[in-house]
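Sharing a structure, written as structure tokens. Questions coming.
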Amino acid sequence: MLDLAAANLLSPMVLCFGLGLLAALLRSDLTIPEAVAKGMSIYLLFAIGFKGGVAVAENGIDAGLALAIGAGVLLSFGLPVIAFTLLQRISGLSVLDAAAVAAHYGSISIVTFVAATSVTEAAGLRPEGYMVAVAAAMEAPAILSALWLVARNGQGRAMEPDLLREILLNGSIVLLIGSFVIGWITGPQGLTEISAFITAPFKGVLCLFLLDMGLVAGRGLRANRQGGGKVLDRGAIAFALIMPLIGGGLGALAGAGVGLSTGGVMLMATLGASASYIAVPAAMRVALPEANPSVYLTLSLGVTFPFNLTIGLPAYLWLAQTLNGA
Amino acid sequence: MLDLAAANLLSPMVLCFGLGLLAALLRSDLTIPEAVAKGMSIYLLFAIGFKGGVAVAENGIDAGLALAIGAGVLLSFGLPVIAFTLLQRISGLSVLDAAAVAAHYGSISIVTFVAATSVTEAAGLRPEGYMVAVAAAMEAPAILSALWLVARNGQGRAMEPDLLREILLNGSIVLLIGSFVIGWITGPQGLTEISAFITAPFKGVLCLFLLDMGLVAGRGLRANRQGGGKVLDRGAIAFALIMPLIGGGLGALAGAGVGLSTGGVMLMATLGASASYIAVPAAMRVALPEANPSVYLTLSLGVTFPFNLTIGLPAYLWLAQTLNGA
Amino acid sequence: MLDLAAANLLSPMVLCFGLGLLAALLRSDLTIPEAVAKGMSIYLLFAIGFKGGVAVAENGIDAGLALAIGAGVLLSFGLPVIAFTLLQRISGLSVLDAAAVAAHYGSISIVTFVAATSVTEAAGLRPEGYMVAVAAAMEAPAILSALWLVARNGQGRAMEPDLLREILLNGSIVLLIGSFVIGWITGPQGLTEISAFITAPFKGVLCLFLLDMGLVAGRGLRANRQGGGKVLDRGAIAFALIMPLIGGGLGALAGAGVGLSTGGVMLMATLGASASYIAVPAAMRVALPEANPSVYLTLSLGVTFPFNLTIGLPAYLWLAQTLNGA
Amino acid sequence: MQMHPAKRVEITIEAVMERRLTEALAGAGVTGWTVLPVMGGSGRSGVWSREGQVGRAGGMVQVVCLIRPDRLDGLLDAAFAVVERHIGVVCITDCAVLRAERF
Amino acid sequence: MQMHPAKRVEITIEAVMERRLTEALAGAGVTGWTVLPVMGGSGRSGVWSREGQVGRAGGMVQVVCLIRPDRLDGLLDAAFAVVERHIGVVCITDCAVLRAERF
Amino acid sequence: MQMHPAKRVEITIEAVMERRLTEALAGAGVTGWTVLPVMGGSGRSGVWSREGQVGRAGGMVQVVCLIRPDRLDGLLDAAFAVVERHIGVVCITDCAVLRAERF
């Protein structure tokens, strides 16, 4: 496992993230235009969804898909409860802040997922193509779970009907599922047509995208530090390092339980371990505007994302290999 | 022809457009940043112009070029008259609106042209490289034609001198002709240098671009529906389905008449059939500001573009093959 | 050398720049969105830095690196003095304007450097990978030199401490050095992973980027002409044609002096010859706001950049070959 | 040139709330507004910028409404109901407009 | 700090008309303005947004002019001649500026 | 709805000066501002536009501050110290704000 970790730390992907982080912490004016970053994330979602669909078209579909989605949805509903309880114990966060953070950790980070795919491929594994559907299915339930936690703690309010539609149809879910279905329909032949676009340059785009993630995470950390660092206590930071291991462990168990391949188990672990930093923050701004965005964004993007990218991914791969006896 | 149509409907290109349309109609917040969409369209224009120029460099130039351009210009001048007459008969549009719509149908849609190129290539055809020059030549005449129609109907006004320059030198014409000339000058050797950029990823970029077109068209349709749907009567919508067939038919005849290859005839049909949705709308906002943009954009982008992309292209291909006895 | 120059003039790169220039002078509305242009420049910097690092990983490092950086820094400090003296003699520019211009010519233009790399490769040369580090090292010293010239001429003021950090950590330096280090660490294996992204499409992206440079330069020239053309006297324009030859000559000598390969000498000449148009203008707006940006931007971007791209690069290549007896 | 007194209301609000705000405005009979992009800012909830998009999911926007003075209260009530729990600011200025029939 | 009374004129207009407007302003002797991008809006001609660029070819922009009060009429006449047949709004506010020599 | 008098200060300045300006504002105790992107403009130093980025390294931005009237002078002093040697304009308008506790 240490070899894996070392190789991962020295991959262009992780180094690019590190460069972004460093540049931001040094207050360099290096920035990637918002439109370009959004363009790259659209590219990555489209490519990964499409390739997942093609894999399903090639290998056919089995009960595994339904089981995996079911397990994923359960995880997404359940993890926030664990996260919330943990936060209540080890951090001084308010109920609202703790619930908002919990929503992030039940949901998933698609970039972490993309990076994990890249790691599985480097390890010669071929995860189930439908894992992208599982990823999409896990985005939203955690939000409902967190709102329920808030309500149960006496601070609930009616959920705006429109919000649910917004969450379920948010851009990244629609693009992921849509390109998955397109890949499924067009199959390997469709892939041949566009693979020079979605396969060959994929890793390079991911590197530049992670450079931007590093910049954004670094700026967030700096802003947090400037704010006196009081926003986050040690308990909360410990949470952001422990929770991915819990989520990753449960994800791996769930994946192995529903009979996924080693690559699939690794991806399931990653989904459990990763924390949203786009869809859930947006939903929280609408549903729980009083929760402090610095808290959940710093934890999710500033602590857990780098942790997963550097240490988590090799650990989940190792876990998957161990569980599946590979 | 039905096979062609079915294959076309299940191509990644058309499915991507459909995904965009669906996402917009479901009110998903999926969007492609304006700058990225514009970047993709610059890429597509540059690539198609360059490749056209290289094809001319390879095959040499003949009288066909001048004839094809002549035929295209005539079509672009003539089609608005047909369109205007038809609209006056079957729709309730005002003179100004009808003339504005007519300008769009005389002119061309470069994305439809790009998609058509991709269809001809899939069919193993090698259209004349100079068809991109024909496309560029057909953008502007229709606008003059429409302004003349307005004047003849007693609502004319002096045409601003600057407008003509703006139309003739609009970005897409300049880029298309410019890259065509560059491709011509540098020839196959120039293509070798940059083909990994302009050839390999071309189709994939086109897919993402069509996703955006679907989003934009879908939002337009939705806005139109919200507006009570009163903007467009049935006659106008029927027009948007009939007119491309007329334009496509005349285009195919003109193409066969000047002796183009089957691929060239197919592209000429597409140029006749397609309706502008960038250059002409901009010109109309300046020259005929009282004409309602919802009318011409909904017809051109919301009805005719999807029609051409899905049903039109295979039909024009079939027509070209029939006419050229291939 | 004439062959070289002719081949260069008809390369897609130079023709694209010419197209942009022409489009702008004709007042076409062709524009490349700012975000896309910035995205392309990030891509180019990342790719060139990374490939430089990989080359160093492959060939190992030697005393040449330190010597070349030393020579580059000296040039960057020294060239502004020459430039300033020359301007004082042959142009009517004020002390502040002359110093600001001098800063630009001591520093470097990374796009010219990228274009030069592309020329060396076409000539079958393999310049030292660490030349990108030399390029990064040469950005800043010229600014200090120019501020010192201002101070010596009695118009100095305290340099804001923050400005130095801003200059040294400006985005392009950080990205260039960062990706250089990443390429160095990951070596040829890292390159294999992402070469479909950073190697194959490189030249095509460069073409589109130069198209944008042409547009920007052309608009600048037009604005300058509209302003009555009085901003720049003949002496200043002569300077912008002579100075690159001086800088290029000294750069070539320095490169040959520290024992660089022919490709390396050519790049060193290019660094000496090229004038900044991003980092230095930004620094000048902060440090010498009274200096007229039209002056330094028109000279650097409107005169020297096109000169280097078309005539300069083949000349520096010829010079390098002559000096190195190749 | 004939000018007509009006009010200019400028609402700076999170982008995620834009649709909700404009729907509330439309609900209150306000049919004219213009949305401007915002690059960054600072307030009680800290400093943010569009490029370091941490702290404001998707950033903020500025919605500008020109309105007849007698319709101001309706607009403010509608806007306030949306803005209330959220960060952001509302600024009202006296102004004059041409072509009063548009407001 | 010394302030000088001035007028702030804000013209929201289609992007295709921007050059025509600023040329008209320059023709009327107005040499200072700032152009702001517009993301979307709503008016008599419906709702539009920059991302769903249907309904406004190329979107709209906002041109802001600060001007000495006595020059307002010239500016409005010039602007109105361009804006007249087109969609868009014009809003005039009293303001104060520093460094009056610039206006 | 309860409104409170305030001042709206709009500072158009080169993008390279933005951080220096906001730091000066913060130093003068001003904690609220909004930064708007600028696409182009014209002034004594000529015409420029973001796409033909020659003439203004990195373009300009507009910083808008809403502030209690009694704090205006402090703000202007701080801003002026930064803006003084640089191109750009400052425009001050009377306005009203909701939620006065924010200013």
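Order of writing sets the labels: A, B, C, D, E and F. Residues in every chain begin at 1.
We adopt the following convention: a contact is a pair of C-beta atoms (placed from the backbone, for glycine too) under 8 Å apart; a residue touches a chain by one contact, two chains touch by 3 or more.
A quick note: this is a predicted structure, and the numbers were derived from the prediction, not measured.
**Student:** Tell me which chains count as touching both subunit A and subunit E.
**Tutor:** For subunit A paired with subunit E, the chains in contact with each are B, D, in label order.
**Student:** Hopping along touching chains only, can you work out the least number of steps from subunit B to subunit F?
**Tutor:** Contact-graph shortest path, subunit B to subunit F, evaluates to 2.
**Student:** Which chain pair shares more contacting C-beta pairs: D-F, or B-C?
**Tutor:** B-C
**Student:** What's the farthest chain from subunit A if centres are computed as the mean of the Cα atoms?
**Tutor:** Greatest centre separation from subunit A goes to chain E.
**Student:** Name the chain whose C-alpha centroid is most distant from the C-alpha centroid of subunit C.
**Tutor:** Measuring from the centre of subunit C, the most distant chain centre belongs to D.
**Student:** Which is it for copies subunit A and subunit B: same residues on both faces, with over half shared, or different residues?
**Tutor:** At the contact between subunit A and subunit B, which are copies of one sequence, the residues are largely different (under half shared).
**Student:** Hey, how far is the Cα centre of subunit D from the one of subunit E, in Å?
**Tutor:** Subunit D and subunit E have C-alpha centres separated by 18 Å.
**Student:** From the mean C-alpha coordinate of subunit C to that of subunit F, what's the distance rounded to whole Å?
**Tutor:** Spacing between the chain centres: roughly 34 Å.
**Student:** Send over the residues of subunit A in touch with two or more other chains.
**Tutor:** 31-36, 39, 200-201
**Student:** Please set out, as single numbers or ranges, the residues of subunit E touching at least two other chains.
**Tutor:** Each of 36-37, 47, 49, 93-94 in subunit E touches at least two other chains.
**Student:** All pairs of touching chains, please: list them by chain label.
**Tutor:** A-B, A-C, A-D, B-C, B-E, C-F, D-E, D-F, E-F
**Student:** Within the complex, which stretch of subunit D touches subunit E?
**Tutor:** For subunit D paired with subunit E, touching residues are 1, 3, 6, 8, 22, 26, 31-37, 61, 66, 93-99, 102.
**Student:** What residues of subunit F sit close enough to touch subunit C in their complex?
**Tutor:** The contact residues of subunit F facing subunit C are 14, 16-17, 20, 45-58, 85-87.
**Student:** Given the complex with subunit D, which residues does subunit A contribute to the contact?
**Tutor:** Of all residues in subunit A, those touching subunit D are 24, 31-34, 162, 215-217, 219-220, 223, 226-227, 278, 281-282, 284-286, 289-290, 292-294, 297-298, 301-302.
**Student:** Would you tell me which residues of subunit F are touching subunit E in their complex?
**Tutor:** 12, 36-44, 47, 49, 60, 62, 73, 76-77, 80, 89-94
**Student:** Subunit B touches which residues of subunit C in the complex?
**Tutor:** Contacts found on subunit C: 10-12, 15-16, 19, 22-23, 26-36, 39, 200-205, 207-208, 211.
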